[in-house]
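By letter and in written order, the chains are A, B and C; residue numbering begins at 1 in each of them.
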Amino acid sequence: MLVIPTMAELLQQVCNGLLLGSLFALVAVGYTMVYGILRLINFAHCDIFMMAMYIAFFIVAPDSRWWFIGFIIVIAITAILGMGVEKIAYTPLRKQNAPKISMLISAIGMSYLLENLATVLFTGKPKTFPQIELLVGMIEIGPIRLQRLALVVPIVTFLLMVILLTLINKTKAGMAMRAVSKDLETAKLMGINVNSTISFTFAVGSAIAGVGAILWGLKYPQISPLVGVMPGLKCFVAAVIGGIGNIKGAVLGGLILGFVEIMAVAFFPSISAYKDIFSFAILIIILLFRPNGIIGEKIAEKV
Amino acid sequence: MAAILETRDVVIRFGGLVAVNLLNIEVEKGEIISIIGPNGAGKTTAFNLITGVYKPTEGVILFDGERISGKRPDEIAKIGIARTFQNIRLFKSLTVLENVLIATHLNIKSNLFSSVLKTPKARKEEKEMVEYAEFLLKETGLLHLKDEKAENLPYGLQRRLEIARALATKPKILLLDEPAAGMNPKESDDLTEFIKNIRDKFNLTILLIEHHMQLVMSISDRIYVLEYGITIAKGKPQEIQENPAVIKAYLGEENDDLC
Amino acid sequence: MEKKKRNLILSVVSILVLIGFIIWAEECTKAFGVYNQRIFKTCCIYAICALSMNMVNGYTGLFSLGQPGFMAIGAYVTAFLTVTPSDKIAIYKIVPISEGLANLNAPFFIALIIGGLVAAFFAFLIGFPVLSLKGDYLAIATLGFSEIIRIFITNAQGLTNGPTGINRIPNDFMNLYVLCGILALVVIFILSMMKTSYGRALLAIREDEVAAQAMGINLFKHKMLAFIISGFLAGIGGGLLASLVGAIDPNQFKFTVAYDILLMVVLGGQGSVSGCIAGAFIVRIALEKLRFLDEPINFGIFEYPGIGGMRMVVFSILLMLVIIKWRKGIFGNEEFSWDKVFNFFSKFKKAPKKEVEK
């Protein structure tokens, strides 16, 4: 069962774990931001991620010389898509003061809609994500051979996390976000424009999912309407493991999941068919021992 | 006489906030005890500690000499402590009768299958439950409304229904969290009578949180005064009324000349 | 009392009409059509699945999406026990089945009940870690477990025949009498259970967990009860589905199945048996009838080319519309009653009058 890898292989796997973990982290951040502000699992987040991959395909694939500008356009469109999802699926229910479960069902409906829409628009046949040689090319560092992505992705993730934390903790918009997430009603009374704050949160979360989608597509180039589902579930799990509502927690959770998945397969190749269930197993263990995640705060219910 | 309910040096902290500090309450059988104090003094937290919603960070809570702190709320309800809620927590979309019936469930003997199959025993038990629930509704003057949805009741009656529901668990101690909130003087006078009445009829010990001073003074055997989680005074109503610390807590230092 | 008598007569008459319809639909295959018969049968099975979800989501107020997993367990157990030993040996090509397993066989109804019980047992096991979770955490955890079950089924080749699945499942009992009969039994069970003290305890948990616990209701025990019953019913639903379709594979039990069932429950009204049945029938029939969207239509002037998957787009838009505009569903959390039907129509009659008065 157990296969002991050589040192070089181990280093290689550490890099792979870091790469996958960073990808998870990017998507997990979007879940955690929306959950933090609305206390809602945005089931459609993974489909925004999927849509971003398609958008990138259509914008960048025809002429990949201008890939950098193309990717920026993709990220912008994804942000708008995220805001649109919020306006269509959540705002009407929020205005009705609907119970949380209705919001959750609406989220599921939105997710389902995007998946089916993608099937109709882009057909179920998988497409190949444009490969940018500069990013996917191989480099050699000592004994290990890596895709450049393995360096790019963790750096991008780290930078985005720093920017995001600054945004949330140091800017006015960030202060509004924190206020709304603490207490939506009071924030409203204090004159914060709750609707635009929520829109902004969705835009930022979706933009980061857009970045995640592009990097994911470079690493795993196959695009299909259901491509977001598994990463989506795992990234939500990552957000919960870290402590949902907490940006650092989401990144930490993503890295843990990425490492566990890569390492388990590296050490126990025979169970690789079961790799998709590790994340759920970890989720259940974490929820049992630390229901609020590794660095999550305890939220006491008022009686 | 030994206390039926006793909290010994109970402390609870939420993060850095000490919500209740060294709470020592002793309640004897048959007493009516009031807990008063300004908003945020930790009164409801004390109730939540006694009923098991929160677990004390330090200290123990004893009921009939047995430790109950650390037990779940439903276990504590079974032992004989029932409560009402400050912000009324009825089963809103269920009927008045169902609300009370649900509270009789904790003593059920039939299992699910005999209940579904309606064995004679289960049928008899169900009948007894309904009879007892109707008896309680009659005592609380709600019988004519038994098929009404709880959410359709006027506010005062909803509070009554909460008491009826709590009584249905056959408690030894009843904890009332601001039973007179939102009532006019006439209604709160009625409530005073009503509480005394149920105490005698159901052989209860009553612990209540209340802001309505007239009610507190006329009903209580003893009073505890909390401020910032600390017990600043305890004693008979007369003693409390004259206690300078209490007056200070309620009216503030600067306002001495106003009294 | 007049009303009571009227309602009783109406109920008896409509039940008789319903039974008559079922007999006609079953016996006069030609008039009703094999296709319609099949839709009717599928509706009955999904109604059971919707009722299973309703037990947890509608009555107990939890949010579980574990149905596909329990259905898969019920389906595989039933299939495994009803396929004949020689067929099993023929089907299991990649990893041959051991002789002992191949010889395990049971009559359909016993297999079905064993399927339900195994699903219930898994619900019991899963319930321990997940039932203390709240709201959406529970949804994700049950969804996760449902996927775990599916991945295990995909990989346990020697037992489940892996991704190929099991076929040649006998469908001797898949007539409308059996399916409607089982549905009726389930409905009677649920309705009588909800009238017992245990049923009321579940409703109390839905209404207010904190208050329910303060009134002495053991939350975990009662949630577990609902979860196990729900698992059992989903297992039965899965077993019936396996038998009706004749062939199963892991992909039939993807978590999106949970979304379909959720739509049925929400559309009909969470917490209402009549709602779940109505929801199941409407959704299943709509899904079938919307098939025209996937096929070309000639409007004379222009031709609609037919877009594969369009039906699912319309379907998901419907789900969104229902939840946004019609959150409580057809029945809310109440049951069908004749009084409501009459009130509903009298409202229509009165409405124009008011306008005149203005």
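Going forward, contacts are C-beta pairs under 8 Å (C-beta built on N, C-alpha and C of every residue); 3 or more make two chains touch, one makes a residue touch a chain.
Everything numeric here is computed off the predicted structure, so don't read it as measured data.
The most centrally placed chain, judged by C-alpha centroids, is C. Taking the mean of C-alpha positions as each chain's centre, the chain lying farthest from the centre of chain C is B.
The geometric centre of chain B is 43 Å away from that of chain C, both derived from CA atoms. Chain A and chain C have Cα centroids lying 32 Å from one another.
Here the CA centre of chain A is 47 Å from the CA centre of chain B. Along chain C, residues 210 each make contact with two or more other chains.
Of all residues in chain B, those touching 2 or more other chains are 53, 85, listed in ascending order. For chain A, residues that reach two or more other chains under the stated contact definition are 303. Touching chain C in their complex are the following residues of chain B: 51, 53, 72-74, 77-78, 82-83, 85, 89-94, 98, 101-108, 110, 112, 115-116, 118, 122, 126, 129, 165-166, 168-169. Chain C makes touch with chain A in their complex at residues 57, 63, 129-130, 132-133, 135-137, 139-141, 143-145, 147-148, 151-152, 154-155, 210, 256, 259, 262-263, 266, 307-310, 312-313, 315-317, 319-320, 323-324, 327. Against chain C, the residues of chain A that register as touching in their complex are 40-41, 88-89, 92-93, 96, 98, 100-102, 104-106, 108-110, 112-113, 115-117, 119-120, 123-124, 233, 236-237, 240, 273-274, 276-277, 279-281, 283-284, 287-288, 291, 301, 303.
Remark: chain C residues 189, 192-193, 196-198, 200-201, 203-204, 207-208, 210-219, 225, 333 touch chain B in the complex.
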